[in-house]
Amino acid sequence: MDELDLGLVQQLQHDGRKPFTEIAQELGVSEGTVRNRYTRLIEDGVIQVIGMINPHQLGIDAPALVGVSLETGDWDEAIATIAKFDEVSYLVLVSGEFDLIVEVMCQDRDHLADFLQRTLRQVPGVIRTQTFTILRTYKMALGAKPTLEKRDSKE
Amino acid sequence: MDELDLGLVQQLQHDGRKPFTEIAQELGVSEGTVRNRYTRLIEDGVIQVIGMINPHQLGIDAPALVGVSLETGDWDEAIATIAKFDEVSYLVLVSGEFDLIVEVMCQDRDHLADFLQRTLRQVPGVIRTQTFTILRTYKMALGAKPTLEKRDSKE
Amino acid sequence: MDELDLGLVQQLQHDGRKPFTEIAQELGVSEGTVRNRYTRLIEDGVIQVIGMINPHQLGIDAPALVGVSLETGDWDEAIATIAKFDEVSYLVLVSGEFDLIVEVMCQDRDHLADFLQRTLRQVPGVIRTQTFTILRTYKMALGAKPTLEKRDSKE
Amino acid sequence: MDELDLGLVQQLQHDGRKPFTEIAQELGVSEGTVRNRYTRLIEDGVIQVIGMINPHQLGIDAPALVGVSLETGDWDEAIATIAKFDEVSYLVLVSGEFDLIVEVMCQDRDHLADFLQRTLRQVPGVIRTQTFTILRTYKMALGAKPTLEKRDSKE
Amino acid sequence: MDELDLGLVQQLQHDGRKPFTEIAQELGVSEGTVRNRYTRLIEDGVIQVIGMINPHQLGIDAPALVGVSLETGDWDEAIATIAKFDEVSYLVLVSGEFDLIVEVMCQDRDHLADFLQRTLRQVPGVIRTQTFTILRTYKMALGAKPTLEKRDSKE
Amino acid sequence: MDELDLGLVQQLQHDGRKPFTEIAQELGVSEGTVRNRYTRLIEDGVIQVIGMINPHQLGIDAPALVGVSLETGDWDEAIATIAKFDEVSYLVLVSGEFDLIVEVMCQDRDHLADFLQRTLRQVPGVIRTQTFTILRTYKMALGAKPTLEKRDSKE
Amino acid sequence: MDELDLGLVQQLQHDGRKPFTEIAQELGVSEGTVRNRYTRLIEDGVIQVIGMINPHQLGIDAPALVGVSLETGDWDEAIATIAKFDEVSYLVLVSGEFDLIVEVMCQDRDHLADFLQRTLRQVPGVIRTQTFTILRTYKMALGAKPTLEKRDSKE
Amino acid sequence: MDELDLGLVQQLQHDGRKPFTEIAQELGVSEGTVRNRYTRLIEDGVIQVIGMINPHQLGIDAPALVGVSLETGDWDEAIATIAKFDEVSYLVLVSGEFDLIVEVMCQDRDHLADFLQRTLRQVPGVIRTQTFTILRTYKMALGAKPTLEKRDSKE
């Protein structure tokens, strides 16, 4: 990623549909260059340009993070099942007190109660869940912040 | 949100830069209608179209979720400080064992060690942190899944 | 709920059997109005007027709160079973470290030991309980405090 | 408490304003006897008859139980402060992982976030809180269930 | 228990074999009175006079307290089994994070490892144990301290 | 410790005041031998013969085990202070989740609440306590069980 | 172990292949004496001289400590299985919150995820694991520090 | 690292002082080649050949792992202080419930009690420690197992 890529990415982080002509003008290159760079960044999987819905606007009023503990056995199947639920917006395997941490988007307390009780806790292999109700969202960045610097590992 | 909005949103979730003419054709309406709907959805804050960077491509090899406990005092300032760190990609206030849960994007173990030790743990008001290293990411959905159905609360 | 309802409710919170004539006089309306309002509040489920027993007077000397963890399976049946025990005075489904929190009213340590060991821990689906013995009760309000103000959500 | 007291109490648990004439008829005694018994039970503090408000009807949509840990120092003052908050409907001193368990009645997630962050966590002496969001209420009995039997302690 | 009983008990707490003639002299009563009081205290189960072995002298170098969690099922049998082990010197049923707390007297680390692994953890019904190695013993009183005062409950 | 010592100790564990003549007869040795052995076991600190009071008979109805966490600083003083409280019958320094485990003998819930709140939690250096209410006592052995066998360490 | 042994051991702790002639010179004894002492220390199992690989040089970038909880049953077999895994560099049986603590040497996050999910958590008897990712290694001494002093136990 | 390096390393892992002539013979190369390879592996820091003392032989009878929590402030100094203690044989910074995990080599329970109470817990910045007594050591490998294979990351 060079400075031009970085500039393009930063533009798209603010407005994903900004016309290439405008971006080209701001970066001082031709529209063709922008278009080529864009195509390459997309093909290399460096960025995605996507429509992201505001959960609040959809009536999501009971979002939560759930720590999940799995028992011995086929984890792949349990994880695949959980990942497919519509309510699940984020699913990572972690080291620590839990095996998985899951973000769920429920409409209200009742929906969350149902999801935990009748859906998540019924997945074979799930033996314990601990729910952290999200009271307020302060930051939801879109992936990582792009930069050209490399850290020097000190170890 | 009606069926047309829903269709538009679903298109943009797959490709945020899909030309309105193509979307119009697929939804069987005029380009003007799509453009108007898009403008309204953006203005109402229902969706954002944005470029999202793949952390892996940026050399992010030590992502983590961190549970943070705050002490009595000015939480607003502590939270604002944490939200501003480049490494922090997600910050929510939760009920449960922690006060905050934070997603951090670090390049390697050394970066994570430094961030925890020299940055996050030095924020006034932070008294305890518990880090869950992310070993694998299975799902990172973009906001909530749109739907036209409303749940009937059963309580 | 208007000011008149509020006044009526506040009177009944102090003495549930206060004659309507006295309440009418204090609120400056007719007895018929008070009676009508009362009937409507009862029918709408806004209030209940009930006799509440002082546990101490009944020789309840070992009250406790119990956090209950349930395993995968039929939660509805486990919850229904627990709710029916005479010792159980309060039962909520919660998010967090436990699945349920239950208040139990036992006469003495021996009764509590028996209830936990022979009753609660034998309910199919209950896999773990953690008991918090109540050492002293400082406040036991009757439902929520009525008010006419609405909060403005700041999120 | 004899059988007559028990009968009276059971009637009042269903309808706290049931006229004494009706109660007298059902229990087969005179109205004067019922009235005398009632007066004595009230004066002895065995029962209270009170109007209890349904939190749901008041727009309480974010009830929670909060475990509170106190630091060394003047507990009496901290407890008295907490007990006075309008949101607090229940406050007990417990043995176990927490020092206090508190039930709070908040209108929504935002209210709960504010109460925890700006009110409860600012009380001098409070060093840690752990919140259990109430997802569903299955039983809220009114004090203890009256009975004439005495348990035989087996210890 | 009157002052004479108290005096007798206090004498025996220092030397369980102190001759009754000496005790009688110190308390200013006849030997017969002391003997009668002693017999009654023993028969009523108020005191026991017993030989107590110093674990250190027996080569007990790995004493520990063990928190035990039991699963649903026949607790009486599990408890009876544990109580019979020679290593177990103390066994109580508790409220809190564990179901039982057990004091065990092992000769060395290897003995403790064996006892936990091959004995205690093999008892049917025992699902989890958490061991607190005793590093130093500061006080081991013999039952409760006798007193003639009664506390006034303040609740 | 030889077989004769062992026999003597076992007799005293059942009745600490058993006359030496009877013990001598049962063990088939002279009274002088028993007396000499007894004197030596006492002087070497192998056994103590003491009067032990039954807590239940003294109205102790709220016994508890308390896990105590100490902060950095002068532990010796904190430990000495705690060991001196009349309510404290047992005090050990442990490895694990707590620093100390303390057995306390309180008369009732109110006494225990007061002891924890006004006494133990006010000791300088004590920063956290976790109380396990004792619901039932199944075994309270007197020191360790004497034996002549030595374990062979397998490590 | 006398001063000569100590000197020899200290030399070998810095360079395990230091020629005996050099060591002899530094300690002021003959090479034969050094050789004899070395042979005896090896035969008695007091020291080992071994080649130790630097994990970092082998591309080990995801080392971790894992707390393992075992269920009731055959622990010997579970422990033997875990000890044989190539990734496992350290395995101890501990008292406390876990049953075993294991150090694992994985090449990257993905390797660690696989090892935990497909290897360690599939060992029969393993019911829970809690992983502590090692962020930085500050000290890795080789066994214990040799000394000629003996501590005086103060208990 | 090629096959020859690997062979050399494996020989040294069994006997660090094995003469180069024997190693050369077993690997089918000249002694000079072995010597060159050895020198390079040492200079590159791939291996160390060192004398490792058996703690048991030194009378280490109370080894333990200690989880340490640090407070906000200068971690570097706290870590450096801990790393210098003779008793500390291993010190890592971890993610999870603790900040550091430390292995300590104490001679007996009394030494461990003293070390925790008077040494480790007095280090400025250390606010909590949790000790896991090591009951038995099953594996103590020397660094990582060498291999020529590279894993294919599956993420």
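Letters A, B, C, D, E, F, G and H name the chains as they come in the text, with residue numbers starting at 1 for each one.
Note that a residue touches a chain if its C-beta (ideal position, glycine included) is under 8 Å from a C-beta of that chain, and two chains touch if they have at least 3 such contacts.
Everything quoted here is computed from the prediction, not taken from an experiment.
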| item | value |
| --- | --- |
| Interface with more contacting C-beta pairs, comparing B-C to C-E | C-E |
| Intercentroid distance (Cα basis), chain F paired with chain A, Å | 58 |
| Centroid spacing, where centroids are CA-atom means, of chain B and chain H in whole angstrom | 41 |
| Centre-of-Cα separation between chain D and chain C, whole angstrom | 6 |
| Residue numbers of chain F (touch at least two other chains) | 64, 93, 95-97, 108-110, 112-113, 116, 130-137, 155 |
| Set of all touching chain pairs, with the criterion as stated earlier | A-B, A-C, A-D, A-G, A-H, B-C, B-D, B-G, B-H, C-D, C-E, C-F, D-E, D-F, E-F, E-G, E-H, F-G, F-H, G-H |
| Residues of chain H touching chain B in the complex | 69-73, 75, 93, 95-97, 155 |
| Residues of chain H that touch chain E when the two form their complex | 61-62, 108-110, 112-113, 116, 131, 133-136 |
| Interfacial residue positions of chain B with respect to chain H in the complex | 56, 64, 112-113, 116-118, 121-124, 126-128, 130-133, 136-137 |
| Residue numbers on chain H that touch chain G, as the complex places them | 1, 9, 11-17, 44-55, 57-60, 64-65, 79, 83, 86, 88-98, 101, 105, 107-111, 114, 130-147, 150-151, 153-155 |
| Residue ranges of chain C touching chain B (in the complex, touch as defined) | 95-97 |
